[in-house]
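The structures come next, written out as structure tokens.
One chain, chain A, appears in both complexes that follow, with chain B as partner in the first and chain C in the second.
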Partner chain A sequence: MTVITDRPAAEPAESKRRLTRRRRRITHEGRAALLLISPTLLLLALVIAYPVVTALITSFRKDQSLQNGFFTRGGGFAGSSNYIHWLLQRCGTAACAPGTLGSEFWDAVTVTVLFTVITVALEMFLGTLMALVMQRSFKGRSLLRASVLVPWAIPTAVTAKLWYFMFAYDGIVNRLLGTHILWTDGQWASRFAVIVGDVWKTTPFVALLVLAGLQIIPTELYEAARVDGASAWQRFRYVTAPLVRPALLVATLFRILDVLRIYDLPAILTHGGGGTGHATTTLSILVIAQLEQGYGGASALSTITFLFIFAVAFLMVKLFNASVIRTQQSAVK
Partner chain B sequence: MASTTTTTPAVPSRRSTVLRRTAGRLGLYTGIAAIIVWCLGPFYWMVVTAFRQVGFTFDTTPWPTHVTLDDFRTAFDTSRGNHFGQALLNSTIIGAATTAIAMLVGTFAAYAVARLHFRGKFLVLGLVLSAAMFPGVALVTPLFQLFTRIHWLGTYQALIIPDISFALPLTVWILTSFFAEMPWELEQAARIDGCTPAQAFRLVILPLAAPALFTTAILVFISAWNEYLLSSLLSNGNAAVAPVTVAIAGFTGSQPHQEPYTAVMAAGTVVTIPLIIVVLLFQRRIISGLTAGAVK
Partner chain C sequence: MENRARRPLAAVAGALALALALAACGSSGDGGGSASKNESGRGPITYVQGKDNTGDVKNIIAKWNALHPDQKVTLKEQSDQADQQHDDLVQHFKAQDPSYDVVSVDVVWTPEFAAQGWVQPLAGKFAIDTAPLLKVAVDAATYQGKLYAAPMTSDGGMLYYRKDLVPKPPSTWSELLADCKIAQAHHMGCYAGQFAKYEGLTVNASEAINAAGGEIVKTDGKTADVDTPQAVKGLSFLADAYKNGDIPKEAITYQEEQGRQAFEAGKLLFLRNWSYVYNLAGTDGSSVVKSKFAVAPEPGPNGIGASTLGGHSLGMSVYSKHKATALDFMKFYESSDIQHELLIKESNAPVLKSLYTDPALLANPKLGYLKTLGESLASAKSRPVTPFYPGVTAAIEENAYAAIKGSKSVSQALKDMQAAINSATSG
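And then the complex of A and B:
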């Protein structure tokens, strides 16, 4: 009896001691962690934070004008004119003339968003189908998974050249379809070519993410569903779909952020133009084109691009409640 | 009993079960075939074209009828302004340096995040992830400006340093999820047996972590090898340091205004084959690395 009543009285002191010990351990580990993490933070500050801050400052400066092939020094303060130039498509006091980079901004936004929506939707759909096939057991399954990695491993620059060749006027695509389409030149044809190239290259990545999500679903759930008489569709609808959702959302987020900054594929496959000259000009391509005309304008545009992607990422995480970091966090504990 | 009621809804006849199973198998094999053709078809077409004589570039036979190695010779030929051999060497140097720096620095950070308790862990992971998602164009203007000023354009360091911006977050991200699953109790056991923390890490944890480190290094190297945007500008047309991706994008043919399709396909094959071999050899690890942290 006394033993039992004694115990609660002793506990606070004991737990307090344990707590201080734990706290001491945490501060000690905190110091070690700071030491171990600081090189990474320092390097990231150097290669990311410094350029971003510099770009932000430069974006409020006037473009240096080209004289004899060299930039003249000191553009001076430009206020928000670089941003107005892009967002309102104003060149000086008038609207930007067609053909100038300034007039292409909203087209580039449209093209970038168009690529993002179409390719991500296709990749999610095809990737899920591929994952469902790869999940089944059959001989040579690992061989199939290895072959799926091939498009992923090929450098995008090579992918672009590969599809450039296949989409050539005399190329295999026209031969197979019996058409004579200028795939890398026509307005919609060139957009189609870029979309096909991107879907080919990155669907395997999506498929692998979805497959990994499928594999953590316990098989007992399927057995239970089968015992309860659920059809294949019902098993997919009520077991697979909800449980694979987190993996799908993460894959979607990764892919959306990736396509929003797409550069290599349209830049090489359609030489950054296509059709009317800028049918496949994405925001990234526009930044690089502007870079040759002045740092101020290019910095403003790259800052807009960065903020746009950041906003989309923020919105996605909020909307989906996609706990991308939290999954990693819970794995880490 | 409950079991009898649950089995009543569907007891299909044996014949329909067999039929359905055959149909399922058929669908499965169609799916497998479709995936293989879709994924390997274009790659196969590149390799086949690389072996075709120039006059037969647009042949549609599924295998090359006029086999030649000329295209590979053209690819490596420097007389037309292509420096493909040099570019291969450059990519190797840039990729190796980037990987080495990222691994050296990133391993410490990943260890800290996975193993230690400290405030702001969530913040560090968030920073690393947002850094990995960073658009390359946001960096290229200021870096171009800076490297022009300090005369670094067209040097190795101008190509290696910016690569850290995606290599390092990638390293930390993948390694953190690998490290999170390590049996850290073994480290504690070693400490009890009298090891110093450094010894425990070096003698117990490092050997266990070696495969994860190796996988991460492969993934980082591949992503550095595939980089194009930053390199194409910061190499500034200097073929002595430009990587293969830049070299291939700017390939010129034997005659002006003629697309050197077969030579480009040969060059593409040369660039891709080492990657394919690595991927096939380590596919299981690469898949686990690719999906690390993304699903759990």
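And then the complex of A and C:
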């Protein structure tokens, strides 16, 4: 709004008048809008701003230390030492030794990103396929739609336990494959197990979002394409794909944000272990583990995780926002 | 259009709220001096412990309540997960909640609660008689020379073995490894304990290190002492046995239950586990070893090894308003009658020395493990007594796991363990 008022006076009078009218309308509508959303803003301030600010403050405080065998009350100002601890993996004056949580930070970042890239790519691909199948009309379609949703309806903790039993040494996976793989222990085997569990559970969610996107595409468009003599592939390429893109982008964003903070599946399926002992430790698992050892460090770590997720979300929105709108506008034309 | 574009932002907000909820737990300080308040307070109290699965604790409390109608005890049951119990206690202590009067404390939590000033030191008018109690259990409840909790139940590791296949239980590591050819001949695994990367591995690794004469943390509770030849010898026993297959490959994923199931299915010749397995392996429908197994003390390099102590103590909250009643209840819980009942009904290892030599109990077939357990506890060691236990156990788990899997040499693992423990206790 400030941009509008700062316009140079050299503008033609006509457009100036239009601008003032618009500004008046905005301020009037803005006031009403502000009034209407203020309860929500207040609630958001309570449930989001308060924890964020508290975590930020705590992250700059020292953890309790021992004095004559007893913990001191309150830790005092720590400067950036909690952040240095994680980002540079410093424990005191030395590098963090293997076996300290600090030594696992960059591994946890890598694991989290790895899970995000692989599972989201797989889920988008499989989810779109599933949606395309569910979109067709055939006998038993509603049964298929309902049964596809079952994995999504099962709580993650149960999913994790389910796959834990299937991936056990004597479990059905090894029996079927005739292998003797320690699925919950090997470095890549355990990561594979987590990816399988996550893809199994959340692909239906993606499929559902994409299906919703597919269903708003007017059938006339397909009819018109058919009249123009477009092949099945061309209909998909030039009608389905561009129009379902907004839904796909929203699903991708949802899933990326979800996997970046994944905790329960790897925690239950592999105890965050495997291979090096922390081959499936994600950032959230590390935060929970650190909570036992000191709130200052844990707050710093959760703030880092927060900024990381925020940055990814921001980038996603910035990169795809314009194109989301553009495709919708082209749909209107 | 605008609205649609904003929708992802709502998702961002949701994710952020979740990520940050973790950090919301602030900290608050104790004004101090709570330990000297309400010392002679009497009245109703609350006793907090994990799930009372068999209902025996409720019986014990009913007995107390019948005797003390004006000082009734209420049971508050927590989750059956140890770390959730710990977090629940910490939350209530931090809130200085007077409604948690007596709490059940895992042996490894006592130093932390004591160092935080949350549990009443049992000295002066709160002193309890520790002479009839197992020394190792008393040591584990002692911090900075003062007793901070009353030992309630104990536990020690034992060697379960197939008496139908092994004529005489091994008393040393080399005898045990020599018996592994029997396991090979029967196409079964030889030895397993709890080797998954969790608290059980800390127990197993410290048993191996202690048995070889090493220690993990010096008596100051801060300085690590694992970079020693003794510790190398101890941890090498597990690492070598895993490397040459005497410990089966899948045992690296075993916690207590998986090991028990493998043993009950006849897949293991030797199993290190706690006393609760004895009854289950003898009565479980699926057990194929019902009358084919027995227990022996854990072997070490030159004779009986060093079991790691498990169990719980009773701690009194410094914020309790009725401390005199709380103390009486703790003494009641430790009386020989109640200990007797807990042993028979719950198979809880008692902390009273006398029960391990009681002829009537030793003759009880359900308690066939009692004599062995007594022997095992006589040489038991407690895990590191330190207020920084979570960091210390994480350091042990990670490095012992790497050494057993062979991804690191034993001596390198112990060097790293040493450094990681020292870094965890320097806070």
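Criterion: the second predicted complex is superposed on the first by the 266 of 333 C-alpha atoms of A that agree within 3 Å, B and C clash if a C-alpha of one lies under 4 Å from a C-alpha of the other, contacts with A are read in each partner's own complex, and residues count from 1 in each chain.
One rule holds in what follows: a contact is a pair of C-beta atoms (placed from the backbone, for glycine too) under 8 Å apart; a residue touches a chain by one contact, two chains touch by 3 or more.
Bear in mind the structure is a predicted one, so any value in this text is a computation, not a measurement.
Participant: Which chain, chain B or chain C, ends up touching more residues of chain A in the combined arrangement?
Facilitator: B
Participant: Would you sort A:316 into first (chain B), second (chain C), both or neither based on which partner it touches?
Facilitator: Only chain C is touched by A:316; chain B is not.
Participant: Considering only the touch criterion stated at the top, classify A:277 as touching first (chain B), second (chain C), both, or neither.
Facilitator: So A:277 only meets chain C here.
Participant: Would you check which partner chain A:306 touches, where first means chain B only, second means chain C only, and both and neither mean what they say?
Facilitator: The answer is both, since A:306 touches chain B and chain C.
Participant: So, A:127: does it touch chain B (first), chain C (second), both, or neither?
Facilitator: So A:127 meets neither chain B nor chain C here.
Participant: Please work out whether A:287 is in contact with chain B alone, chain C alone, both, or neither, and reply first, second, both or neither.
Facilitator: Both partners.
Participant: Which holds for A:250: it touches chain B only (first), chain C only (second), both, or neither?
Facilitator: Both partners, chain B and chain C.
Participant: In the superposed arrangement, which partner chain does A:44 touch: chain B (first), chain C (second), both, or neither?
Facilitator: both
Participant: Per the contact definition in the header, classify A:266: touching chain B only (first), chain C only (second), both, or neither.
Facilitator: Neither chain B nor chain C is touched by A:266.
Participant: After superposition on the shared chain, which partner residues are touched by A:101: those of chain B (first), chain C (second), both, or neither?
Facilitator: Touch partner of A:101: chain C, not chain B.
Participant: Return the residues of chain A at which the contacts from chain B and from chain C coincide.
Facilitator: 44, 47-48, 50-52, 54-55, 58, 168, 246, 250, 254, 257, 260-261, 284, 287-288, 291, 295, 298-299, 302-303, 305-306, 309-310, 313, 324-325, 328-329
Participant: Inside the complex, what are the residues of chain B that reach chain A?
Facilitator: Going through chain B, the ones touching chain A are 6-7, 9-10, 28-29, 31-32, 35-36, 38-40, 42-43, 45-46, 49, 57-58, 60, 101, 105-106, 108-109, 111-114, 116-119, 121-122, 124-131, 133-146, 161-162, 164-165, 168-169, 172-173, 176-177, 180-181, 222, 225-226, 228-229, 233, 244-246, 248-249, 251, 259, 261, 264-265, 268, 271-272, 275-276, 278-280, 283-284, 286-287, 290-291, 293-296.
Participant: Show which residues of chain A lie in contact with chain C when the two form their complex.
Facilitator: 44, 47-48, 50-52, 54-55, 58-59, 63-66, 69-71, 73-74, 91-92, 94, 96-103, 168-169, 180, 182, 184-185, 246, 250, 253-254, 257-258, 260-261, 271, 273, 275-278, 284, 287-289, 291-295, 298-299, 302-303, 305-306, 309-310, 313-314, 316-317, 321, 324-325, 328-329
Participant: Quick check on the complex: what are the chain A residues that touch chain B?
Facilitator: These residues of chain A touch chain B: 25-26, 29-30, 32-34, 36-37, 39-41, 43-44, 46-48, 50-52, 54-55, 58, 129-130, 132-134, 136, 138, 142, 144-158, 160-163, 165-166, 168, 170-172, 175, 200, 204-205, 208-209, 211-213, 216, 227-229, 246-247, 250-251, 254, 257, 260-261, 263-264, 267-268, 283-284, 287-288, 291, 295, 298-299, 302-303, 305-306, 309-310, 313, 324-325, 327-333.
Participant: Which residues of chain C touch chain A once you look at their complex with the stated criterion?
Facilitator: 1, 4-5, 7-9, 11-27, 29-30, 32, 83, 115-117, 143-144, 196-198, 222, 249-250, 252-253, 387-388, 390-391, 394-399, 401-402, 407-408, 416-421, 423-424, 426-427
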